[in-house]
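First chain A sits with chain B, and in the next complex the same chain sits with chain C.
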Partner chain A sequence: MELYVVQFLTGLANAASLFLVASGLSLIFGVTRIVNFAHGAFYMLGAYIAYSLTIRWQTPLGFWLALLVAATAVAVVGALLEILLLRRIYHAPELLQLLATFGVTLIVEDAVRLLWGPEDLVGPRAAGLSGAVSVLGRPMPVYDFVLILLGPAVLGLLWLLLHRSRWGLLVRAATQDRDMVSALGVNQKWLFTGVFALGVFLAAFGGGLQIPRDAVSHFMDLSIITEVFVVVVIGGLGSIGGAFLAAVIVSELNAFGILILPSISLVLMFLIMAAVLVLRPWGLLGKPLSRARSMATREAAAWKPLSPAGRSAALAATIGALCLPFMLGDYGVGVASEVMIAIIFAISLQFLMSVGGLDSFGHAAALGLGAYGAALSVQHFGVSMEAAIVIGPLVSAAMAVVAGWFCVRLSNIYFAMLTLAYAQIVWSVAFQWVDVTGGDNGIVGVWPSDWASSPAAFYWLTLAAAVAVVALVRHLTFSPFGYALRALRDSPTRSATIGISRQTIQHIAFVISAFLAGLAGVLFAFLKGSVFPDTLSIASSVDGLIMVLLGGFGTVSGSVIGAIVYKVSSIWLMSNTDFPRLILGSLIALLVVAFPQGIVGTLQIWMMRSRLFAGRPQEGTARLAETGGLS
Partner chain B sequence: MTALLEVRNLSKSYQGVKAVQGVSLQVAPGELLAMIGPNGAGKSSCFNMLSGQIRPDSGRIHINGSETTGLSPERIFRLGVGRTFQVAETCLSMTVRENVQLALQSWSTGLLTLRAFTGRLDRNFRPQADALLALIGLDDEADRSCRELPYGDIKRLELAIALAGDPKLLLMDEPAAGMAMKERILLMQLTSRIARERQLAVLFTEHDMDIVFEHADRVIVLNRGQLIAEGSPQSVRADPAVQAVYLGSGALYAQGH
Partner chain C sequence: MTSLLRIAGLFLGLSCAGQALAADIKIGEINSYSGLPAFTEPYRKGWEMAVDEINAAGGINGNKLVVISKDDGGKPGDAITAANELVSREGVVMLSGSFFSNVGLAVADFAKQKKVFYLAGEPLTDAIVWSKGNDYTFRLRPSNYVQAAMLAQEAAKLPAKRWATIAPNYEYGQSAVAVFKELLLKARPDVEFVTEQWPPQGKIDAGSVAQAVEAAKPEAILNVTFGADLVKLVREGTTRGLFKDRSVVSFLTGEPEYLDPLQADAPQGWIVTGYPWYGIDTPEHKAFLDAYQKRYNDYPRLGSVVGYSLIKSAAAILSRAKSTDTADLIEAAKGIPVDTPFGKITFRAADHQSTLGAFVGKTAVKDGKGVMVDFKYMSGSDFLPSEADAAKLRP
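Up next, the complex of A and B:
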C-alpha cells in the first residue's frame, strides 16, 4: 500500500515537467498550427543551459534563477527561430513546418554535443530542497513535493495569463479562428512570435526542472517529444487544462505500469492514446479543430501522366542506374541499394500523402512490419528470400487492414497522430517482446539467396523493385481509383455526392501503401542482414516525411528525388563529418526556405514562371497566385 | 401526378434550435420547385437531409419510389440524385473534363472494380464527358485545370457533374450564387430546358426573386424552419404571410404611421 502511495506521488511529480513541455507545445499548435518537433530539443537545451548555471549558482535562489535565465535564453532562441525561419514558411504546406522544426532538432542535438560534450551530465540537487521526507515510512525527495505543487501553480498562472489579459484573449481567439483574428487587424506576426517564445520558455523550464532528478543527456529530446505528443493528443490539441490532466494520466500510467504490467508498460501509453483518438479524436478536454481556411494548395500544376519526353528521361535514368555497379565500389553499391529502398519507402508514403491527403506520421510501422515479417519468417520457418519478399509486405498489409480501419475514421492531424500511435505500439511490441523479436538486440542472420548475395546483384534487385513500385504508384495515381482518392482529398463533400465512399477508398490506399512500404522493409532487412526496432522508430517515420516533403508533395513522384538527395547526403555526412546532424539540419532548414514546395515542386513553379514570361501571362499568373509561387 | 421526390414531416434540431420543423413537399418529374426563405429559414438543412449529408430527426423522404431517409450521400447518388452546392464543390486539382469523367466512372462502374485499378481515368468516358461539357457550354475549357476557372464556370461545371449520374432529381442549392446577371439567366434557362427534356425533378433555392418567379413552376416558402406558403409563383407573391416575412419591416413601418 505504502509503495502505491509513494509511486502515485512520484507520478504526480513527474507530471509537472511533462505538463510544462506539453502545455507549450499545445499553445504553439493551437495558435500557429505548427507541430513543433523541435520542442523536445528546446527542452533539452533548457536542461543543458540550466545545468551549466546551477553548478555555478548553488544557492536556493540561484537554482530557480538559473532555471528562469536558462528558459528565457532558450525562449529568445525560439523567438529568433520563429522570426528567421518559420515566418517564411507559414504559407507553405503545413507539414513543411514540421520538417523545418525537425531540422532545428538535428542542429540543436549536435550543437549540444559540441558545447557540452557527448557524456551524460549529472546536475546538482536543488539547493535547499535536497532532503527527503518520510511518507508512510518511505523516503520521498522534498523536491518532488515542490514539483507536485509547481504543476498546478503553472497551470493557474497560464490560466490567468490566457483569461485575464488582453494578450491571452488574442491567443484564445487565434486558437479558435486565426484568420478572423488577423481580419480584425491584430498583428498576427508578433502574436505568433510571442506564443512561440512562451511555448519554448515552458519547454526549456520543464527541461531545467528535471536536472535534480535525472542526468542531462542527448536522448532527452526524442524521449520527451514522444511522451509530449501523447499527452497533447490525450488532453486535446490546444487545451492547457487538457495537457495538465493528460500529463497526470500519462505519468501515473508510467509509474504504475512499470509496477503492475512491466512487460507491456511501453505499449500501454500508446494504446490509451489510440483509444482516446478513436473514441474522442479531439482529446479529453479539447474541441474539434476548425479547419484552417487558408489551405495551401499542393500542386504546382495539374498532374499528367509522363509525356514522351518524360518517359525517355525516366528510361535514361533507369539505364544510368543500371550501370552504377560498374562505376562504384562495393560500398558505393551498398549505398545505392539503400537509396533504392528509400525510394520505395518514400514513394509509398507519397501515394498516401500527395494523392490521398493522408499525412501519416507513422509510416515506419509499415516499413518495420515488412522487415520483421520477413526476418521472423526466415528465422522461425527458414523460408527463402524469395518467399520472404512476398511474406513481409503481406504482413505489413494485413496489419494495415486492422490499423487502417481505425485510422481512416479520422482526418488531418488526428489521422497523423493515430498513425503515430500505431507505429509506436508496433515499436513497443518489437522492443519489449524480447522472446520473439529479440528486443533491442534485433534479429540477425537475414541474408539474401545466393544469386542476390553479391552487392551488385542485390542492388539490381532493389533497383528493379524501385522502378516497379514507382511505375505502379504512378499508374495507380492516374487510375480511376487514384482519382477517387484524390477527389476525397480535394472535396470530401463532392466525392460523397458522386458516390465515392471515403472510408473504403482511403482504407484500400492505406493498405496498398503499407504493402509497398513493407517491400522496402524486407529489402532493407536483407541488405543489412538484420532488423532492429529502430526501423519502427519515429525517426524512421520522419525520414519518410522528409523525403516526401523535400521532393515536393504536390508532385506525383517528387519523392524519388527527395529520397536520393536526402539519403545520399545523410549517409555522406554521417561518415565524413564530425557533426553531421548540424549540417543536415541546416541543410533541411535552408531547403525548406528555398524550396517551399519541395525540390521538384519548386522547380515546376520555376518552369511555369518561365513559361509565363514566354507569353501565356494570364494562365501562368492565376496558377502561380494559387500555388503561392508569387507571394 | 406521381411525385419523384416526396418529403413528409421532415424535422431537424441542433442543440434545441429547430432548424426544420415538419416540412412536407413533392416534386414531379419535369417540374422546377423553388424553395425560398430568408437566411436561416432552414433551406440548406433541408437540402443536406435530402442528399444525405445530415440525418433528419424525424420525417420520411422518398425518392423515385424508394425510401432514402437517413441513407448516406453515396447511396442517394446511386438512386439518381445530382446535387450542386451553395459554395461550389469541385475537385480543384483536376481538369474540367476529369471532374466529369470521375463522376461518370463512379456512376457507371463504381470505383472499386478491378478496372478502376487497372485503367486510366482520362481515357474513360471521354465522349460522354465532352457531351455534358458541350451541353453546359464548357467544352472549350475541358482541358483546363479546374483551379484556373472563373467561379461562374465552376458553378456550371457543378451542373455537369450533377448530370453525370443520369439523375432523376436535381438538388441545386443557390445554383446561380456568385455569378454575373447574364450568366445566372443562362444557367437557369439551361436548367429548365434540361429538366423538361429529360423529365428531371428539380428542387432549387435562390435569393434572386426575379429568377424564382421567372423559372420556377411552383414555389415553397420556408421561415424559421416551417413551411409557410406553397403554390404558383403568382399566388406566393400575393400571399400576405410571405409578404410579412419578406417585407416585415415595411408592415411595421406602415403601422407606425
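Up next, the complex of A and C:
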C-alpha cells in the first residue's frame, strides 16, 4: 500500500514537469497553429542557461531566480525567432512552420554544444530542497513535493491569465476563431508573438526545473519533444486543462505500469495516445479544429498534367540521370542511389499529404516495414532480392490496411499524431522483439543479387523504381481516383454530398502510399546491406516531411527536388563539416524564408507572375488571388 | 671502384627519393562525432596523438600514416554511406572506429561484403566477434561479455543473494544483464534475481524505477544505465535511500565520461568497471598520460585510450603486414601483439577479439569528485572464453 501511495506521488511529480512544457506547446498551437518542433530545443536551452546560473547562485532564492531569469531569456529568444522567422511564413502552408522550427532545433543542438561543450552537465540540487521526507515510512524527495504543488499552481495562473485578463480573452478568442479576432481590429502579430513567448517561457522554465533531477545534455530536446506532443494530443490541442489531465494520466500509468511490465515505458505513451485518438478523436478535453479561413490554399495553382515542355524536361532529366554512373565514381553513384530512394520515399509521402491532404507524421512505419519485410524474408526464408522487392512493399501495404482503417477516421493534426503513434508502436516492436528482428542490433547481410551488386547496376535499379513511382503517382493524381482524393481534401462536405466515400478513398490512398514507401524501404535495406530500427524512428518520418515541405507542399511532385536538395546537402555536410546540424538548420531556415511555398512551389509562383506580366493577365490574376495574395 | 660507389650512390639516392615520395597510407575512421561528442572528442584527441607519434617515429615502414575521419551521426545507414566514401573515393586501406553496437555491426557487414579490413574500436556487442563475426572484422575494446564476467566475479564474492537489475531497454542492456545473470548463477547457484527494470534509454523515470526496485527488497543491484539516465538514477536513488545498505554493481560507471559529470553526487562504494587515469602507475600509462596532458592540457577519458590504442593497433597491423592487401592485413592481425597504455594486448586469432581489459574497482568521492579506489586491472584474456570455445561461437 505504501508503495502505491509513493508511486502515485512520484507520478504526480513527473506529471508536473511534463505539464509545464506541454502547456506551452498547447498554447502556441491553439493560437498560432504552429506545430512547434523547436519546443524541445527551448526546453533544452532553458536548462542550459539555468545550469550556468544555478551553479553561481546556490541559495534557495538564487535557484528560483536563476530559473526565472533563464526562462525569460529564452522567451526573448523565442519572441525574436517568431518576429524574424515565423512571422514571414504565417501565410505559407501550415506545416512549413514545422520545417522552420525543425531548422531551429538543429541550430540550437549544435549551438549548445559549441557554447557549453559536449559533456553532460549536472547542476546543483535546489538549495534547501535537496533532502527527503518520509511518506508512510518511505523517503520521498522534497523537491518532488515542490513539483507536485507547482503543476496545479501553474495551471491556476494560466487559467487566471486566460480568463481574467483582456489579453487572455483575446488569446481564447483567437484559439476559437483567429480570423474573426483579426477582423475586429486586434493586432494579430503581437498577439502571436506574445503567445509564442509565453509558451517558450513555460518550456524553458520546465527545462530549468529538471536541473536538480536530470543531467543537462544535448539529447534533452529530442527526449522531451515527442512526449509533450503526445501529452498535448491526448489532452486535446489548445486545451491547457487537457494537457494537465493527460500529463497526470501518462505519468501515473507509467509509474504503475513498470511495476507490472517493466519494459512497457518504451511504448506506453503511444499506446495511450492511439487508444485515446481512436475513442475520442479530438483528445480528452479538445474540440474539433476550426479551419482557419485566411490560410493559403494548398496549391500554388490548379494542378495540370505536365505540358509537352514539362514532359521533355522530365525526359531529359531522366536521360541525364541514366548517364550519371559514367560521370561519377562508385561513391557518387552510391549517393545517387540513396537520393533515388529518398525520392521514392518523399513522393509516396507527398501523394498522401499534398494529394490526399493527409499529413502523416509516421511515414517511417511504411518505409521501415518494407525494409524489415524484405530483410526478414531474406534472413529467415532465404528469398532472392527480386522476391524481396515484391514482399517488402506488400508487408508495408498489408499493415497499412489495418492501421489506415483507424487513421483515416481522423483528420488534420489528429491524423498526423495517430500515424506517429502507429510508427512508434511498430518501432518498439522492431526494437523489443529481439529474437525475430534482432532488436537494436538489426538485421545484417541483406545484399543485392549478383546482377545488381555493382554500384551502377543498383543505381539503375533505384532510378527505374524512382521514375516508375513518380510517373505512377502523377498518373494517379490525374486519374478519377486522384480527383476524388483531391475533392475530399478540399471539401469533405461537398465531396460527401456527391457521393464520394471519404474513408474508402483515403484508406486506399494510405495503402498505396505505404506500398510505395515500402518499396523505398526495400531498396534502402539492399543499398545498406542491413536494417535497423532507426529506419522506423521519428527522425526518419521527419526526414520525409522535410523533403516534401522543402520541395513544395502544394505541388504534385516538388518533393523530387526537395529530396535531392535535402539528401545531397545532408550527406555532404555530414562528410565535410564538424557541425552539420548548425549549417543544415540555417540552410533550412533560409530556404523556408526564401521559398515559403517550397522550392518548386515558389518557383511555380514566380513563373506565374512572369506570365502575368507577359500578357496573360486574366489567368494570372485569378491564380494570384487564389494563393492568398502572397505579395 | 669509383663507378661501383657511383652506382651505390645512385641506388641510395633512389631509395631516399623513394622514401621522400612514399605514398601515404590512408586509414578510414568512422565515428559518431556529431551525435555523441562527449565520447568522440576525447577519442579523436587520442587517435590524433597516436597518428603524430607514429609518423614521428618513421610512419608505417617509412610511409606516412594518414587517418581520414568521417561522421556517422549515430546512424548505421549513414555509417555505410561514410564507409562507402572512404573505400570507394578516398581509397583507404582499412576501416576503423565506431561507437554504437549497431553501427559497428553494420560496418562489419559492409566490410565482409566489400572485402575490406575493419578494426572496430568501441562497439561492445558480443555479436560483432561471435554470432555475427566475420573474417574481416577485429575488435579492440573488452566486450559486454568480458565486462559482465569481471563484474560477476566480484559480485559472486558479495554475501547478497537477492539481486535486482536496472538496464536500458535495448540490446546492450539486455545482453549485459543476460550474461551477468548467467555467470553469477554459475558461480553462486543460491542467488536469485527478484526484479528487473527496463527503462527506455535516455528516458528513465528514475523516481518510479527506484521505488519499484526498492519494493522488491533486493540485497544488491546491478546497474547498466549510463549517461544522463545514470545521473537521474543516482540522484533519485540516493535521495530515496535505494542504495543504502545495498551493494551495487555497475557497468562502465567508473569511466570518466560517466563518473565525472556526477561530481559530488557520484555514488560511493559501487563496484564498477572504468578508467582511473589518476591512479595508474605503470610506465606505459604514465608515458601516455604525460604526453596527452602535455599536448591537450586536459586529462584523458577512456575514449582517449580507445582512440589512441585503435590507431596504434592499426599501425601495428599495417607494419606487420608490409602490404595493404586485405588478406595480408587479416593474416597480420591474427595474434598480433600491440602496446597500449594498459599494457601489451593481442588480437586473438580465433575470434578477432583483443585482450584489452578494464579496471575494476569501487567508486568514492574525493574533493567533491567521483573517483575509483581499490581498483585493479583485469586483462581480457582472463575472462574471454578459450580461443577454441570462442571459435565455436562464430558462424
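We take it that the second predicted complex is superposed on the first by the 623 of 631 C-alpha atoms of A that agree within 3 Å, B and C clash if a C-alpha of one lies under 4 Å from a C-alpha of the other, contacts with A are read in each partner's own complex, and residues count from 1 in each chain.
Everything below uses one rule, namely that contacts are C-beta pairs under 8 Å (C-beta built on N, C-alpha and C of every residue); 3 or more make two chains touch, one makes a residue touch a chain.
Source: prediction; values computed, not measured.
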item: Fit or clash between chain C and chain B when superposed on chain A; value: fit
item: Partner chain(s) touched by A:R611 [first = chain B, second = chain C, both, neither]; value: neither
item: Partner chain in contact with A:G482 - chain B first, chain C second, else both or neither; value: first
item: Spatial angle chain C-chain A-chain B, Cα centroids [nearest 10 degrees]; value: 160
item: First (chain B), second (chain C), both or neither touched by A:R280; value: neither
item: Which superposed partner A:G439 touches (first chain B, second chain C, both, neither); value: second
item: Touched partner set for A:D330, first chain B, second chain C, both or neither; value: second
item: Contacts of A:I505 with chain B and chain C, given as first, second, both or neither; value: first
item: Three-chain overlay, closest Cα atoms of chain B and chain C, distance in Å; value: 35
item: Residues on chain A engaged by chain C in the complex (per definition of touch); value: 3, 6-7, 10-11, 13-14, 110, 113, 118-122, 125, 130-132, 138-141, 144, 212-215, 217-220, 223, 227, 251, 254-255, 258-259, 262-263, 265-266, 329-332, 334-335, 338, 431-432, 434, 438-442, 444-445, 447, 455, 524, 527-530, 532, 534-535, 571, 574-575, 578-581
item: Chain C to chain A touching residues, read off their complex; value: 33-34, 37-38, 40-41, 70-73, 75-78, 80-82, 84-85, 88-89, 101-102, 105-106, 108-110, 112-113, 125, 127, 132, 169-172, 174, 195-200, 202-203, 205-209, 211-212, 214-215, 227-228, 231-232, 235-236, 239-241, 257, 260-263, 265
item: Contact set on chain A toward chain B in their complex; value: 297-299, 301-303, 305, 475-476, 478-484, 486-487, 489-491, 493-501, 504-505, 508, 619, 622-623, 626
item: Residues of chain B that touch chain A when the two form their complex; value: 51-53, 72-74, 77-78, 81-83, 85, 89-95, 98, 101-103, 105-107, 109-112, 115-122, 124, 145, 147-148, 161-162, 164-165
